[in-house]
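As written, the chain order gives the labels A, B, C and D, with residue 1 at the start of each chain.
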Amino acid sequence: MAEPTAFDEAADEPGSARADRDRGSERAETRRGPERLEAFSDGVFAIAITLLVLEIRVPPAQDLDTSAHLLSALGALWPSYLGYLVSFATIGIMWANHHNLIRLVAIVSHGLILSNLLLLLIVGFVPFPTALLAATLGTPTGQIGVLVYAGTFVSIAVAFNVLWDQVRRGRGVLRPDVDRRSVDSITRSYRLGPPGFLVAFVAALINPAWGMAVIIGLVALYLLPSSSGA
Amino acid sequence: MAEPTAFDEAADEPGSARADRDRGSERAETRRGPERLEAFSDGVFAIAITLLVLEIRVPPAQDLDTSAHLLSALGALWPSYLGYLVSFATIGIMWANHHNLIRLVAIVSHGLILSNLLLLLIVGFVPFPTALLAATLGTPTGQIGVLVYAGTFVSIAVAFNVLWDQVRRGRGVLRPDVDRRSVDSITRSYRLGPPGFLVAFVAALINPAWGMAVIIGLVALYLLPSSSGA
Amino acid sequence: MAEPTAFDEAADEPGSARADRDRGSERAETRRGPERLEAFSDGVFAIAITLLVLEIRVPPAQDLDTSAHLLSALGALWPSYLGYLVSFATIGIMWANHHNLIRLVAIVSHGLILSNLLLLLIVGFVPFPTALLAATLGTPTGQIGVLVYAGTFVSIAVAFNVLWDQVRRGRGVLRPDVDRRSVDSITRSYRLGPPGFLVAFVAALINPAWGMAVIIGLVALYLLPSSSGA
Amino acid sequence: MAEPTAFDEAADEPGSARADRDRGSERAETRRGPERLEAFSDGVFAIAITLLVLEIRVPPAQDLDTSAHLLSALGALWPSYLGYLVSFATIGIMWANHHNLIRLVAIVSHGLILSNLLLLLIVGFVPFPTALLAATLGTPTGQIGVLVYAGTFVSIAVAFNVLWDQVRRGRGVLRPDVDRRSVDSITRSYRLGPPGFLVAFVAALINPAWGMAVIIGLVALYLLPSSSGA
């Protein structure tokens, strides 16, 4: 880290000295596409999804003495398996969504980089609430585990809307060949994310099992093919 | 995560407003190839294979006092080395297989994305059964370690068949220039995976060492060059 | 690792036997561009940024008994959250800076590879000072945590200047179409990095909270869009 | 993992049904280049190099009470810093070497895939001997730590020679435009690796500090620009 012009390249700088000098190759360079942003984001998604398994810990030595003990200890890890499953599916869906969104981008703006970094910040954080969920589910503090988990998903849904807003409203960010109807359709569907997970959060306030049920239901819903084709 | 249309782009949407408007560039975009799916999967394979080493732990401080103690403690880690070796080879083979399969894909369908995510879910899980194997092999609970390990491999073999089914049967998914004989040859060879590892599972029910021997034999077999060229 | 000619390809070897033989394809090969350097660096950045979450540990079992205990334990993790946030933002900015710098490179020199490896060495190290910061902030040893953290950032800023020097001064390294004004502008802004974080270091010598405040201020500053466009 | 034809694609299958049918596009597909092998290997190198930091552990709580204690505990971590430094440099050099080697490859053979997997197996293992070195250096068992570390490097040097042999001797593997002198020069330099690290191993048998000194000397040597240009 070394300069206050970190995101300089993202700027559309039509009147710069260099732009004047070398028009041809300059265009491809200054007006950069989202390829590098996408590659870096893909890396973070792939690593975060694969780190999830590190939170499933082999039972301690004292549970490894007899088969009965070990089987029971492995069974007691069910919150870890559930957390792995739900978080894996969620990050997988996020990755797919992120790609769908980024491929509508023509030019990467400063706001897009920042809101993408915000999204990755929360995506990269997911292993922690997943571990907390695994450690608390089915115990007296399970409610807090589910609340933190649902809260993380609310944040991700909000971050996706912020990112999408940067794509939609940024000058020249959205590809010109994307039509209004597609944009509106995405906007509508993204708007459902934050209230959806807020419902899970509120349900968890009443009963943690209900909160988990809502989360699982939402994730399952996202795994279905969309019916927006008509 | 923000919308119920997560995998929208995968759909073949010939009559959409955008398709009508921008025929040329739209084709390359809506009918997407498997490049991004492959890059993301590669990331998960590479990370899962590299995380395996984290399960080999340096002996605790009390074993570090004399050379004799340390050597004996390092020797006692043989199940960790074996697990690392077998799981590394397995994930490496899976990566090669996955590539061979994906390069036959013309268009990525929703079912393909889902069954690929299922496969990655199990691949990403491999470090856990590997750690369990390392913790139990050669102890009274070694049988459970081998059973879980063999069971994981059965699941992977099944997931590969599910993925291949999505490639074969999905409308337009398989590249049109792939001939029937190649498809049948792959189908036959994939069909051998689940029963093969089921044999390892059953052998482990009788004797965990037999189970491991079958697994090692299968992995060694997969490392051989195929004789299907004739 | 196997030979003393590790970075041979980076060398500009105009009189080699091979260069004489195969001029056309040789050029693209010997005079290699920075694509591979960039891909490897991107991987290290993406992994280092995602590993940060592993330093946020779920509270131990004794804090999981009641909701009050757990909430208080989660609250006590604030230094971990802060460290995650600041280090994530820092590595994200470094990634953006690194890209801006590398895209000015025409030919990868030996010095560039070495100074890039030095930078990655420190970037890959960031999770450790972050964990140390999280373990000490708000305790009697917090000052050391902040000093090590600020010192790491000073090192990174210095490494960026070393890397930039290799780009600027290396024979043929800088792309010929980059004009003098752009080079001078980057040089000026990079020069601010080391003294900036040195101020944070000195401030932490007086008061660790002041040191953290300077670091957070600098990182926030880097997140702003640059005003160098005029 | 699902079939005994894992590496089928690597084979040169001139008489296959598909080759007969679709000559044009088939060539690019069956006779595949090393791009995918390289991308997967790069991932493993980048992850292994970044995982090294996880072996540097924050001192335990009892050392965090006073600044004097913490400073002394941080100082006592010098074997961890040294291990991080040497292993980072080594993996970095291996990555550069690997790239130089792979870019001479025209066609990926089955033997090349296997020997590459063998190399990655050892590269991915490096964090373990590094952690063992860090845990033992400067203690009575330091000799074993250095021996295992040097032994790992001997294995890597041997694996590089095996890989290079696959490139040199495999039918059609080496690019036809690589001349004999370049091949011989690489062969000579690779041949020096195994005896070089064997010297470090033998030196460590006499005195662990001497062993480390030889290793550090070799790594420093590899970091120098090659003088083979003349």
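Just so it is clear, contacts are C-beta pairs under 8 Å (C-beta built on N, C-alpha and C of every residue); 3 or more make two chains touch, one makes a residue touch a chain.
Nothing here was measured: the structure is a model prediction, and the numbers come from that model.
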Subunit D reached from subunit A - shortest hop count over touching chains: 2
Fitting subunit A to subunit C on CA atoms, where both chains share a sequence, rotation angle to nearest 5 degrees: 90
Same or different contact residues where subunit D meets its copy subunit B, judged by the half mark: different
Length of the line joining the C-alpha centres of subunit A and subunit B, rounded to whole Å: 24
Junction residues of subunit A, two or more chains touched: 39, 43, 47, 51, 54
Overall pattern in which the protein chains touch one another (line/ring/star/complete/other): ring
Chains that touch, pairwise: A-B, A-C, B-D, C-D
Residues of subunit A touching subunit C in the complex: 1-11, 13, 16-18, 21-22, 25-26, 29, 36, 39-40, 43-44, 47-48, 51, 54, 110, 113-114, 117, 120-121, 124-128, 131-132, 135-136, 139-141, 143-144, 148
Subunit B partner contacts - residues on subunit A that touch it in the complex: 39, 42-43, 45-47, 49-54, 56, 58, 64-67, 69-71, 74, 84-85, 88-90, 92-97, 99-100, 103, 153, 156-157, 160-161, 164, 177-179, 181-182, 185-186, 189-190, 192-193, 219, 221-226, 228-229
